[in-house]
Structures are given as structure tokens and as C-alpha cells.
Amino acid sequence: MNGYVPSVTVEGREIDFLILALFVVSCAVLALVFGLILLYMIRYRDESGVYRGHPSGKTWRFEISWTAATLAVFFLLFIWGGDLYVRLFQPPADALQIYVVGKQWMWKVEHQGGQREINALHVPINRPIQLVMTSEDVIHDFSVPAFRIKHDVLPGRYETLWFRVEKPGTFELFCTQLCGVGHYSMTGEVVAMSQPDFENWLSGGAPAGQHEDMAAAGKELYAARGCSGCHGEGGVGGSPETTGVSAPALAGLIGSSVKLQTGATVTADEKFIRDCILTPDKTPVAGYPQIMPSFAGQISEEKVLRLIAYIKSLRSGNRT
Amino acid sequence: MSDVATHEFQFASAEHQRETAISGIWLFLASEALFFGPIFLSWIYARLADPSAFDAGARQTDLTIGIVNTALLIASSFAYGVGLASIQFGSRRRMVVWLLFACTLGLAFLGLKFGVEWRSDLEKGLFPGANFSIQGPTRNGAQLFFAFYFFSTALHGLHLIVGLGLVAWIISQARQFTPKRHTPVLIVGLYWTFIDIIWLVLFPLIYLIGRAS
Amino acid sequence: MTGVVVRLFAVASLMVALLAAELAAVFIFPAWGRIGVAIIAAAMVGVAAFGFMDLRREGPPVWLLAAAALLWLAILLGLGSLDPLTRTLYPTVIAAP
Amino acid sequence: MTHSAAQVSYLDDGHTLRSWLLSTDHKRIAILYIVAITFFFFVGGVAAFLIRYNLISPNGLIGSAETYNRLFSMHGILMVWFFLVPAAPVTLGNFLTPLMLGARDLAFPRLNLLSWYLFVIAGFIALYAVVGGGVDTGWTFYTPLTSFYSKGHVVAAVVAIFIAGFSSIATGLNFIISIHKLRAPGMTWYKMPVFLWSLYATSVILVLATPVLAMTLLLLAFERIFGIGVFDPAIGGDPLLFQHLFWFYSHPAVYVMILPGFGVISEIIPAFSRKELFGYKFVVWASIAIAVIGFLVWGHHMFVAGTSLYSAIVFSLLSYMVAVPSAIKVFNWIGTMHKGYIRFDAPMLYAIGFIGLFTTGGLTGLFVAALAADVHLTQTYFVVAHFHYVMVGGMVSAYFAGFHFWWPKMTGRLYPEMWGRVGAILIFVGFNLTFFPQFLLGYLGMPRRYFAYPQHFEALNLLSSASAMVLAVGYLLPLGYFAWSLLYGERASANPWGATGLEWTTPSPPPTENFAVTPTVTQPPYQYEHAETVSHE
């Protein structure tokens, strides 16, 4: 078939299988419906003299049985689709993270090493990739039909998407949420390559001059924006003795559990760090006064991503 | 004009027509209740986005005016109820007096709400946007609150203005109504109290929840 | 006539009392706070519907319509807030205390 | 009081323009609505034609993406709010409800006329928005695109839909109260024709969902006008709130479109099978169940929008639940045909076509209700094909079926039967050829609302566009032969199909007051086994 791309992810093949099952069920029902209609149209047409017998009186047995049968089939389909969906949106812990920012009408991608690309995404094969996505303006949607996956990209928050490609190749990337006049042109390609090729690309493929490590760029911001004034150099944390105020340590923060003043315990992921930077009031950490100012509207999404990359690089801290 | 109830040709009797009209207004009110549904849901969303900042915005409202306005609306429903009872017991003149009183209370509500409270809110720079006066960490949540506040009170105010128009119309048509024929008075009364009910929900959402601990 | 006016007056007084109770819940009994306000506000709506609008006097069709309005509002607010209530911290929530 | 015994046909009760435009007669208002609805159907149809024309070439043929976006937005807005949602209730429903009830008019005739004026005013505002530059947001108006980024007459379009919404509410309110209060003596709830039950369920949705949309659009307009609002992500507002509210209305609105269709089919299948409707109570309660459960499923439009996992799972389960009553109905119609004496007049052909197209549309709904499958298929042409099967294949077929069935009653004339059958077959074939390729396109990944598309989608798009010509002829054909029938059609008897139901006991066209004597109902509906054999040959 023209344009058909076999799925290159395991999950994609499972989705295909689910769609196939749905297709089979649909065909069976359609065959039943059309078959019966055609049969009755011929057998019971007005002119036919076929013996009709007595009309059946009780109908509720039929009603109960087809209602129950429909319900049972539907329930199975629901379980199947739901289970797969949950797996589809829970990334493995060791996923390689790549940041994606959508704007009218282009996709901006930034790798951990600072390599940036536009309307293209290079990924290694056989490795779970997690996209951390946000938008600068309207709602977009990151969709790769060959992976059978898509997710909306919203302004003001992070959405994530993950996949593991099994074969090298170039695959179409579409924006599938109407985002204005240039919606149709917000396309690109996902290039899957072997790990060595990918590393090659990382070191040489990205345009010169933009090749600055994300974490390094984040470190500059960390100092320039005054983060170090409270949280300390290298994110060691602050106390009245050292920095003058109590501030939680940031080294080793990523992935750890944080207790909030609201009593909830959350895992510190990108969303959490982003919230802490932009809306610190919503995430008051237990044991510290909430005095941090909000940076909402003061730094761009891309800079937030760099700060996060820097904070994530501070893994060796002596956080207790 | 004699006190004989007539009815339109699709009904069997005047009583049939009256019952139908009353069912109709109740269904209309059910629809109106859903009309306000998105406002309530947007309150839930806006508050969940940042509860403490949202509440900080809510505390900028003028509680005294809120309380007085609530009392005014309760009183106006009472006044309308007495007006309705008056026509049912045959006193057209007393009905007009009580309905005028209900109108006055409604007007007082509008005056306080828009003439005093809104004006002071606007002077304080509480309309969301670039000139919003609250700075600092609660700025966004407070803006969300005031977006909700101005929108919902404006909408409620519009309903009240429509209600006032209807009551004025009833007063102008007072000569038509008799103890047996006063369905329009009843119907407008239901709408009048419904506006009251909407306010009874909005009042805590705007003035109280943000002040509760 | 007097009977009706007395009844209406009682309804209005009850509502003013409930208004006072709302304020009390917020400022005098902070432990009640938001829950108290919510319950009292619902009670006030009920009092207005039955006291002023005479819901009891109307027949079953009208009760059906009023119930439908409440049910549909509950659907809108209930299912509508399911998403934000379970969304924000997912999948970051690991344990509620 | 007017002449009650004179029995003047409603068509002859005054011939001035004024006697039409100020009439509170439900039958005349139905005719007024038919004129308006047909107009908007063809305006929306022209937009559809241009969309399909553009998609013939991968690079787009109409030259500008902006024009294309405006075209599909206009197509969606006009077709949804000015054709699909109102069509069956305000035309067939308006005409038939009092006749089927055995009443002289609806409960609130003046409100009925008002609703027509609101509708027409709304329609003109929508046309103004379109002619004055259009909107490019799609019919879904998602924020923040619509509130901050889109150019064009968004506010005008929103106002138009707002006003049209109040027209819908007035209509729904009128039907519910009429069905409660104006049933003829002896017509208990279970003696009502299924069409009235369907209309009742439809009206429940109209009255309780439309106000939510109206307020949502107001919030949207507020945000656009003041540049700030509760959906604005810049201040922590949630754009998904808009989507929740929008689909709270717009999903049940799909049932507004299809439920009257179910009612029409439930009248026609028994009439042309000469047999009682199979499982009357199940069909009736399936309609009510759809009206209620239909409100619990809107979240399935947002499985990849960023809602919580929990809510996605809940909405998926509920979405399967709402499919059950629809399945029940299909089985019951087939059960009705079993051991019947089936005749193949045009209404029956349209009805059978409806069952086929609706079942296909419904089954593909299972694909997009299954969470994981939806991830791949949503926002592609698969969804476009799915809802066109249900709403155009299903609803429009049912609407045409009803139109042919009751045409003799409405006009007192018979339409040319042969042409009716040709039209029914043409629409069924043309529809499948136009929209089936779109399922494939969607599975292959072609996104919706693309002005230009990758080369490899070209063949299927070409097939779809070419077949759309067949479909267009199918839709134009009835316009032609109905017009012919008005002038030259044979006079119809009171009951040309030999059908049961009160509307067939009064002359065609009915007198202004519907019934000379208020009828009394003693039998359940669809007593075809005991009815005389066909009367019209």
C-alpha cells in the first residue's frame, strides 16, 4: 500500500495488533448486519410467499443476550486498549531525554549535549528515548505515524512521550493539532541511527556555533539569575550561616523524593523543577520557608530547560 | 375586565395552560443552571492551579459589600414573594408596592456591586492584564481569580438586569392580573429567586472560601 | 395572606441566619472552614428553592426537571474536575501521607 | 377562535409573506426551517466541495493555506451548528411532534417562531463572519490559538453560535414540555411513537448541554477581547478546561444529530416491513440511555491532549458503555425486518443505507474509544472518516429517509418514486467511495486539516475527491425532484404508505388545527400485523 510504513517500535506493533483485532471484530459485526439485512431483504420481500409463521412474542431473551454479548466484547477491548495505553505513557527509568519546543510553525529540538536542530530529531536505535515537550505559543501535537504515537504539546507545562526505535531509518513527523495557518508545514523527520552513528552525529553533525553543552549553559544562567545566591554554588543548598537564608540543596535532587509542606510526597522530575522555578508557591518544600520568587515570564522555555539540565547534572551532591 | 381565565387553542383548559407554563419555566431554569456550570467548573480549575495565590486574590474582595448584597437579594426574594401573595389574595395595589420594593432592592444590589465595588476594584488595579496591581508570587493566581470574579459577577449582574426588566414589565401590566390569572407574576418570581440562588453559590466562591482556613 | 407572609418571613430569616452561619464557619470556627461553607451554601440553595420557589407544591414533572439540572451539574463538575484532581502530580505522586 | 370545522389546509391558510413570517403554526415554522436549513446545507456543501478540490493535489490547488483553513472552519461551523444539530428536530420534529401527539400545536408556539428568528439571525451573523474574512480556528475553537493567535472574525462566529444555541434551547424546551403536557387522551408514555421518544432524548441534550457551550464561548470571547482569561496558560489557566467544556457539549451534540435519526428509522422500518417494532421498550430506553450516558464520555476526545491517565481510563470505559444502546437499536431494527413483508420504497432504501453507514461509523468508534488505538488514529483522517460516517452517512441518510417518508404529509404531493430510489443508492455508494479511503489515509497517518500533504497520500485523496462528485450529485438530486413534485407531483392521500401513527389519520397536508376532533389513542404504536394491507396501490 502506498505510504504504508510498518511499525518500527514494539509498542507500535502492539497497537497495530489491537487495531487488527478491532478490524476483525468490526468485519464480523458488519458481515452479520449486512448479511442479515440482505437475507431478510430477499427472503421476506413483500412479493415472496415464504411462510412467516407466528411472530415471536417474547423479545427480551434476544435483547438480554445481544446486550450481554456486546458488553462482554466491549469490556475486553477496553481492558486491552487501556493496558497498552498505560504502558505507552510510562517511560522506562533509563530513557535518554531530549527536549522539544514547539512554536508556530516549527519544532525546535535540543539534546543533552546542547546540540540543537530544527524540524528534525536524531535518535539512537534500541534505546528508550523520552521527549520532554513544551510549546511557546499554541497547542501543537508531536506525531510520528511510524511509531504509532502522538501527544499534544501544550504551552506552560511539560508533556512527555517515549519510544524505542528498532531499525535505523527516516520517519515522518507531523504536527497534528491545528496550530494556525502554517499547521500543514509544521512537519519534519525523525532520523533513527545506530548508537555509533548517533554519537558521531552528536559530535559533528550539529551546526557549529550552537554547540554548547546544555548543562554548561544552564550553569551560566544559574549564576547570572542569582540562583546560587540562595541555593549555593554547585547547588549544595543554603543555610542562614552560609548564604543567609535556608534553601534546599539541588545537587542530587533529580529523581529523589521531596516532601512538600502540603504533606504530599513527590518525585522530583523535570515538571517538578520547572514548577519550582516558575511557580515556587505551589511547591513549598517541607522544612524551608517559601521565600523564592517566581521566574514566570522572566526566562524563556529554552532557558528553563537549560537550568533543568544543569540541575540534573548536579548528581554528586551530599544531599541527605 | 372579568376574572375569567382564558386559554390558547392547544390547551384543554386554563389550568392546563398554567401548569404547562410553569413546567416550561422550570425547564428553562434547569437550562440556566447548566449555563452557569462552566463558571463553577472554571472556579475549580483556576483554584486548583494555585490555591494559595487564588485565595490571596479572593481576599482582596470587599466582604462587607458581599454580605450586604447577599442580604439584599434575600430580602428582594421575600418582597417578591409577598407581592405574589398579594395578587393571589386579591390586592393588586399591594402587589405593585411590594414588587417595586423588590426592584429597589435589586437596584441597590446593582449599585453596590458595580457602582461601588467594581469601581473600587478597578481603581485598585485589580482587573487582570498588564496593569494588574498585585505583584510577586501570587500575581498569576490572583489574576485568575479576578478573571473569574469579573466574568461571573458581570454575568450575574446581566441576569439581574433582565430580571429587573421582567419585574418592571409585570408592574406595567399589573391591571391584567387577578387572583385567578397571574401566571406571569408567578413565572417571573421563579426567575427572580433563581438569580438569587445563583448568587448564593457565587457569594461563598468569591468572598468566603478564600478567607477560610 | 398573613399566613403566607409569616411563612415567607420565616424563610427569609432562616436564610439570613444561614448567611451568618457561613460567616461564623469562616471566621469563628476555622476548623469548619470550607466544608462548613459548602454545606451551608447548599442548604441556602435548598431553602430558597423550597421556601421561595415552592418546589414542594409543583408536581413530579417539575421535580424531575430540577433533579435533572442537579444531576447534569454534578456530571459536569464531577467528571470535569476528575482530570485536574488526578493530573497535576501524576506520575510524580508516589505516596500520600 | 378560528374556523375549526372548515378544515383549511395549513398551506392554504393565508398566502401572504406575512402569513408565513409571523405564523406560529408549527407546520409553517417547520417549512421556514426547511428553507433555512437547506440553504446552510448547501453553503456548507460548497465549502466541502472546495476542500475536496484542494486535496486533489499534494500541494493544494486553491493556492493559500489561509483560505483552506477558513474553508474547513466554515464547513465545520455551518454544518455542525446550522445543519446537523438543528436539522432533524426543527424540521421533522417541529412538523410531526404535535401531529404524533394528537395536539393542535406545540406548547409554546410563539417561542417556536422566536427560535426560527434567532436561528436566521445567527445564520446571518455566521455568514457575515465568513464573508468578512472568515475564521481559521476550525470548528473546535481550541485555545490559546483562538483566543490569542488567530486572526479573523472569531467573536462574530462565536456570537453566531451563541445565538443559534438559544434557538436550540428554545426548540428543545418546547418539545420536552409538549411531550409532557400535550399528549392526546389515551396516549400513555409507552403508546408514544419512538420518534417522539428520540426527540425527547434529543431535547434533553439540547436543553442541558447547549447552555454549557454558550457560556464556554462567552468565556472564550472574554479572553479574546480582554486578552486574558481563565484558559490563559500565561497566568496558570488551563487550555484543557476549554476542551473539557467544549466537548461536554460537543460530544452529546453528536447524539443530538443522530438520535432523531434513530427515531425516523424506527418509524420507517416497521412501516415498510409491515411489522411491529421489535423490542419497543428496549429501543425507547436505549434512546434515553444514550442521552444520559452520552454526557459521561466527552473525555475520549482528549486521550492525547494531556489529561490525567485516570480520567482517560474512566472516559474510555464509559465510551464503550454508550456504544451498547446503539448496538441494541441496530439489532432491533434487523429483528423488525425478520419475517416481515418488506417493501423497497425510497424511505426504506435510505433507512437500510442508514443502518449500514451508521453501523460502520459506530464500529470505527470502537477503534478510537480503545485508548491505545486512539493514540495512533486520533487527529488523523481516520477520525474525519469516522464522524462523517456517523453524522453525514448516518444522520443525513436518516434525515432524507424521514423527508421522503413524510414529504406527502408535509406537501400533499407524492415525489417521483423511481428518482427517490436512484438518489438513495447514489448517496450510499458515493458516500462509501468518498469516505472509506479516508479510513485508510488515517491509518497511514495523514493528519487532519492539512492544506498540503506528502506525495504518498495522493492516490487515496484523489479517489476520495473523485467520489465526492457522485455524492454531490446524490445530494442535489432530491432538491431537483422534490421541487418538481411541488409543482407536478401526484396528490397524496391521507396515508399513502399505509402507516400507523396519528399523523396519518389527518389529511395531507394537514389542516391548520391538525385534527378536526382531538383523537383518542387506544392502541400501542406499530400495529401493522392487525392493520389492513397496503392501501395505496
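Worth a mention:
Going by the order they are written in, the chains are A, B, C and D; count residues from 1 in each one.
Operating definition for what follows: contacts are C-beta pairs under 8 Å (C-beta built on N, C-alpha and C of every residue); 3 or more make two chains touch, one makes a residue touch a chain.
Quick caveat, the model's predicted, so the values are computed rather than measured.
Shared contact partners of chain B and chain D comprise A, C. Among the inter-chain contacts, the highest number of C-beta pairs connects A-D. Comparing per-chain C-alpha centres with the mean over every protein C-alpha atom, the closest match is chain D.
Averaged C-alpha coordinates give centres for chain C and chain D that are 37 Å from one another. Separating the CA-averaged centres of chain A and chain B is a span of 45 Å. For the pair chain B and chain C, the distance between mean C-alpha positions equals 16 Å. Along chain C, residues 61, 68-69, 72, 76, 80, 84-85, 91 each make contact with two or more other chains.
Counting partners per residue, chain A has 279 as the residues that reach two or more other chains.
With touch defined as above, residues shared between interfaces to two or more other chains in chain D number as follows: 180, 208, 212, 234, 236, 238, 240, 244-245, 306, 309. Partner chain A is touched in their complex by these residues of chain D: 65-66, 69, 136-138, 140, 142, 144-145, 148-150, 233-234, 236, 239-240, 273-276, 278-279, 282, 303-306, 309, 312-313, 316-317, 320-321, 323-324, 327-328, 330-332, 334-335, 337-344, 352, 355-356, 359-360, 363-364, 366-367, 369-380, 440, 443-445, 447-454, 456-460, 529.
Here chain C touches chain B in the complex through residues 1, 4-5, 8-9, 11-12, 15-16, 19, 22-23, 25-27, 30, 33-34, 36-38, 41, 44-45, 48-49, 52-53, 58-59, 61-62, 65-66, 68-70, 72-73, 76-77, 80-81, 84-85, 88, going by the rule given at the top. Note for the complex: chain C touches chain D at residues 61, 68-69, 72, 75-76, 79-80, 82-87, 90-91.
Chain A meets chain B in the complex at residues 279-282, 290, 292-294, 296.
Remark: chain B residues 50, 52-53, 136-141 touch chain A in the complex.
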